[in-house]
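Given below, in the form of structure tokens, are the structures.
After this come two complexes, each holding chain A, first together with chain B and then together with chain C.
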Partner chain A sequence: MSDPGSSPLVFPSVEWFQALRELVNSDEEFRRLGNIDAVMGVKVGERVFVITFEAFECTGVREGTEYDLIDADFFLEMTVEQWRELVTNTQENDGADLSHTLNTLDLMIEGGISDNATGDQLRADVFFRVNQSLQHFFDSSARLETVFE
Partner chain B sequence: MYGLSQILLPLRLVMALEEEQQQAESEGNEPAAAPEAPPSANAEPLAWMKDTVQWGVRAEPGKHGLTMRDLNVGIYGEIPESSSDMSRRPRGAFPIPGVPRTDLYALSAKVDLWADNAVDLYEEAIQRRWMGHLEVDWDDITPQPIEVELAMRQLCTELAQQASMETDIIGQWLHKMNYAYHEVKTFLASEIFDTGRHYTLFRRRALHNDGSLGLESAGQFNRRMMETRPGWTEVGMFLYMVRGPLTLLLYRYGEAYARNRADKFLFRKCVEDKARHMAYGMAHVKYAVDNQPPGFGQGLGNLMRGVERDLVRDLKDPVLWEALAIIISGSVANMAQGMAVVEDFKQRYIEDYLKRMQWAGINKTEANLSPDLAAFLRREETAEAGG
Partner chain C sequence: MATVDSRTKYWEQAREQGFDLSWLSQLQDHVMGDGVEEYSANDTGRVQGSIPRNNVARFGAYTFRTKSEVWAHNLTKLYEEFITRQWSSATDIPWETIQALPEDIEAAECQLATFFTQVEFVASDVPGRFISTMSPDYQEVRLALLAQVMDESRHLDVFRKRALANGGGLMRMTDSVSDVVGGSTDNAREFTEFSSRLHITGEGNVLTLFRLGEMMAYNDAEKAIYRRCAQDEARHVAIGVLHLRYMNEFSPERREEIHCYLDEGESRQATGAGGENPAGQNQLTSQALAVLLGGGKDKMDEGQNILRAIRQRQTKEYFQRLKSAGFDDRIHNGRVSPVLLEQYKAAA
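Take a look at the complex of A and B:
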């Protein structure tokens, strides 16, 4: 959970992803998983966020537009309700439970959740190449006190 | 500055050799025939210290540390289009006249093995390495109903076999690759390490909970990969764009339908490794298609006609699919539900295969696909027509 006394963070927002960024950048376990070089888009309903990972850190978080997804290695897209379910499930289980891991959602949700905007399969595969780090990233949100828009 | 021991070392070596020779003569042995002049560039003592192809090269570490890419500066970063060097001279090392060749590298042209991403994938492999025997929480894998246990053992047996095949296939090509392309050779060495790990981990998983190994897998496609001789590119296409997507999907479904976090972790880390292997393979095949003479990609596509027949024979073997259906549904009684997911799996596999071939520039579409494989893609139409 966030520091006692601090305000809950709103999902989705740059502040929420920024807090997640700070969590993993000070997390030895995240670093130990190895280098991660990826630009990840996160599409929550109509809103787009761009998360950049470089070497052993999350180096950037910003809000963007659909056009930014063209430059992303891959982007994760779900409806607002599906994201809300994932974040809630992560909080309740101290990490995604067995049916809410990123790979599982990608296989179970119609059309998948991860893709490359230009059809570049090599870049789309970055989602798989660093999957444990991505899972760790989103699992870390269990430590954020979150409210929803 | 050099320490005294470094300066004295060559002298000690000479003295030791002389001593050895005197001892041999005193024991009545024939002195060894004097070797030909040693292969040094300059007979002056310690002159070798001055020998380098290029002085003044400086490499700077980046955010990832001092990587192989960082070291590719000056002459050390010059990657030749072809190499006639048949020794194991590290690229950039000072060549010595008279060194006998140590191999006859069949793959001495860049186009036969290169991928631009190999240098970074090697670092990724090293920096994202993992230890399944320590990092998988094996105690978390508690016994399931016997039919699910047996199904899991069967899946893991097949995955172990796929991994060991990959080890052997790469192994029989690796020594044919010229050392000028150490980025590729070291990456493939890391892949052999990965597949060795996958083999032992899936074997261990099958044997977990007083388990046993299942049936060996149908072997037509394995044999095709092992016995293909024209080139590494052809083998790479089979390994990374035909078998690779199947293995990746099996890992992904293994993760998705795992019943504990330990299996989730095991399969997820294997997904990472496999996707990295495929990134090299796809990039190499595309590089070859782009840089070989016109028609090369078409030739690869034509080659697939026969290969797909082997693939179909393997895919018709029911054992793996039944095991997967039981894992998915949780019981033999509910296997029909699981089998519906398995049919989705097959469709997804063939779609993935086509996508990857097209990405590499090979004209492989539903229109020129084996009819038996194309049938997997028309499942929805068939179901609608039938139902």
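Take a look at the complex of A and C:
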């Protein structure tokens, strides 16, 4: 959970992702998982967020548009309800349970959740190559007090 | 090759700037340059960029001494990813979470672990032969393959440990893997032939299976094994895609030859012949997968349904890799395997 007295963070929002960024950048375990050079799009319903990772850190978080997804290595897309379920599950289990990991969701949700906007699988494969770092990133949200839009 | 003066100047500047984390890249750029020769006359084992010495025994009868035979862009960056994402079967797998399993589940798990041990043996053995026959001037390729061999050794080790960890032990060697062990991948004599077969077809299929692993794992140890292996396998696939992309761009005269390798790979992917695709139909391994995914021998139908969806996913990713490498014309001109095309349309 976030610090006592601090306001809950709204999902989805730049502030929510920014808090995740701060958590993983001070997390030795995230660093130990290895370097990660990737631009990840996160599409929550109609809203788009762009998360940038360089070397052992998350270096950028911003809100974007559909056009930004073209430049992302890969983007994760789910409905607002599916994202809400993922975030809630992560909080309840101190990390996503088996049926809510990014990898399982990608295999089980029809059409998958991860893709490259231009159909370039080499860049889409980055999702597989650094998957455990991405999972750690989202699992860290168990430490944030979150409310939903 | 840089001059002594320019090297000295660079070192002075670098020392003043405090050697930041990009130091090695700067060394490459400013001291070595990117002078990778199209043809390597190096037959002495001289390391890339070092100053030649006269009268050295010519022991390096390297088979691969042409850049266009082996090269791929951005392998240095991929290598950095390789080395920072290493793990250990001794310290990163929670072996203590493995508990006694129903006999049919344990047998299926061990059959699959035996298959992966067998396949990873090939996947480490074959690249090793190419490393030793490649000019040292192509250091980036050598490093990427060396890192792959390290990954595959770990996979060989971790699946063997899993087979032995819970009383099941190593099971039957998969018959059809004769096309892998001692077969077409093992027999590749040419780098692009080897890379197409191993990195694109073989590892591409196994990657999907490793990803599936966390869904058929029965404890945290198995989940950790599959998750870690999936990351590793995706890097190996990247070597193949980057190489084919380079070949498409710089050796277009070899496109037809490469299409032939892909013909062969698709045929085996579609039929299960060759045994590289453990999810292929009517394989000993696909039966094991169906047991694990379904939750028991009596629920194999459920598991088979999931496997069907997985084959479609394998095909979709393979088609997109063709596109990334510049060989997707075969999807549109009728050359691609009709079985795979059908699966691709179903997945779309």
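Operating definition for what follows: the second predicted complex is superposed on the first by the 149 of 149 C-alpha atoms of A that agree within 3 Å, B and C clash if a C-alpha of one lies under 4 Å from a C-alpha of the other, contacts with A are read in each partner's own complex, and residues count from 1 in each chain.
The rule we apply is simple: a contact is a pair of C-beta atoms (placed from the backbone, for glycine too) under 8 Å apart; a residue touches a chain by one contact, two chains touch by 3 or more.
Remember, predicted model here, so these are calculated numbers, not experimental data.
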item	value
First (chain B), second (chain C), both or neither touched by A:33	both
Partner chain in contact with A:121 - chain B first, chain C second, else both or neither	both
Contacts of A:107 with chain B and chain C, given as first, second, both or neither	both
First, second, both or neither for A:55, with chain B first and chain C second	both
Touching partner for A:129 - first (chain B), second (chain C), both, neither	both
Partner chain(s) touched by A:15 [first = chain B, second = chain C, both, neither]	neither
Chain B and chain C contact sites that coincide on chain A, given as residue numbers	33-35, 37, 55-56, 98, 101, 103-104, 106-108, 120-122, 125, 128-132
Chain A - residues contacting chain C, complex	33-35, 37, 55-56, 98, 101, 103-104, 106-108, 112, 116, 119-125, 128-132
Contact set on chain A toward chain B in their complex	33-35, 37, 54-57, 98, 101, 103-104, 106-108, 120-122, 125, 128-132, 135
Of chain C, residues touching chain A in the complex	21, 77, 80-81, 84-86, 207, 211-212, 214-215, 223, 227-228, 230-231, 233-235, 237-238, 241-242, 245, 310, 313, 317, 320-321, 323-325
Residues of chain B touching chain A in the complex	62-64, 117, 120, 123-124, 127-129, 248, 252-253, 255-256, 258-261, 264-265, 268-269, 271-272, 274-276, 278-279, 282-283, 355-356, 359
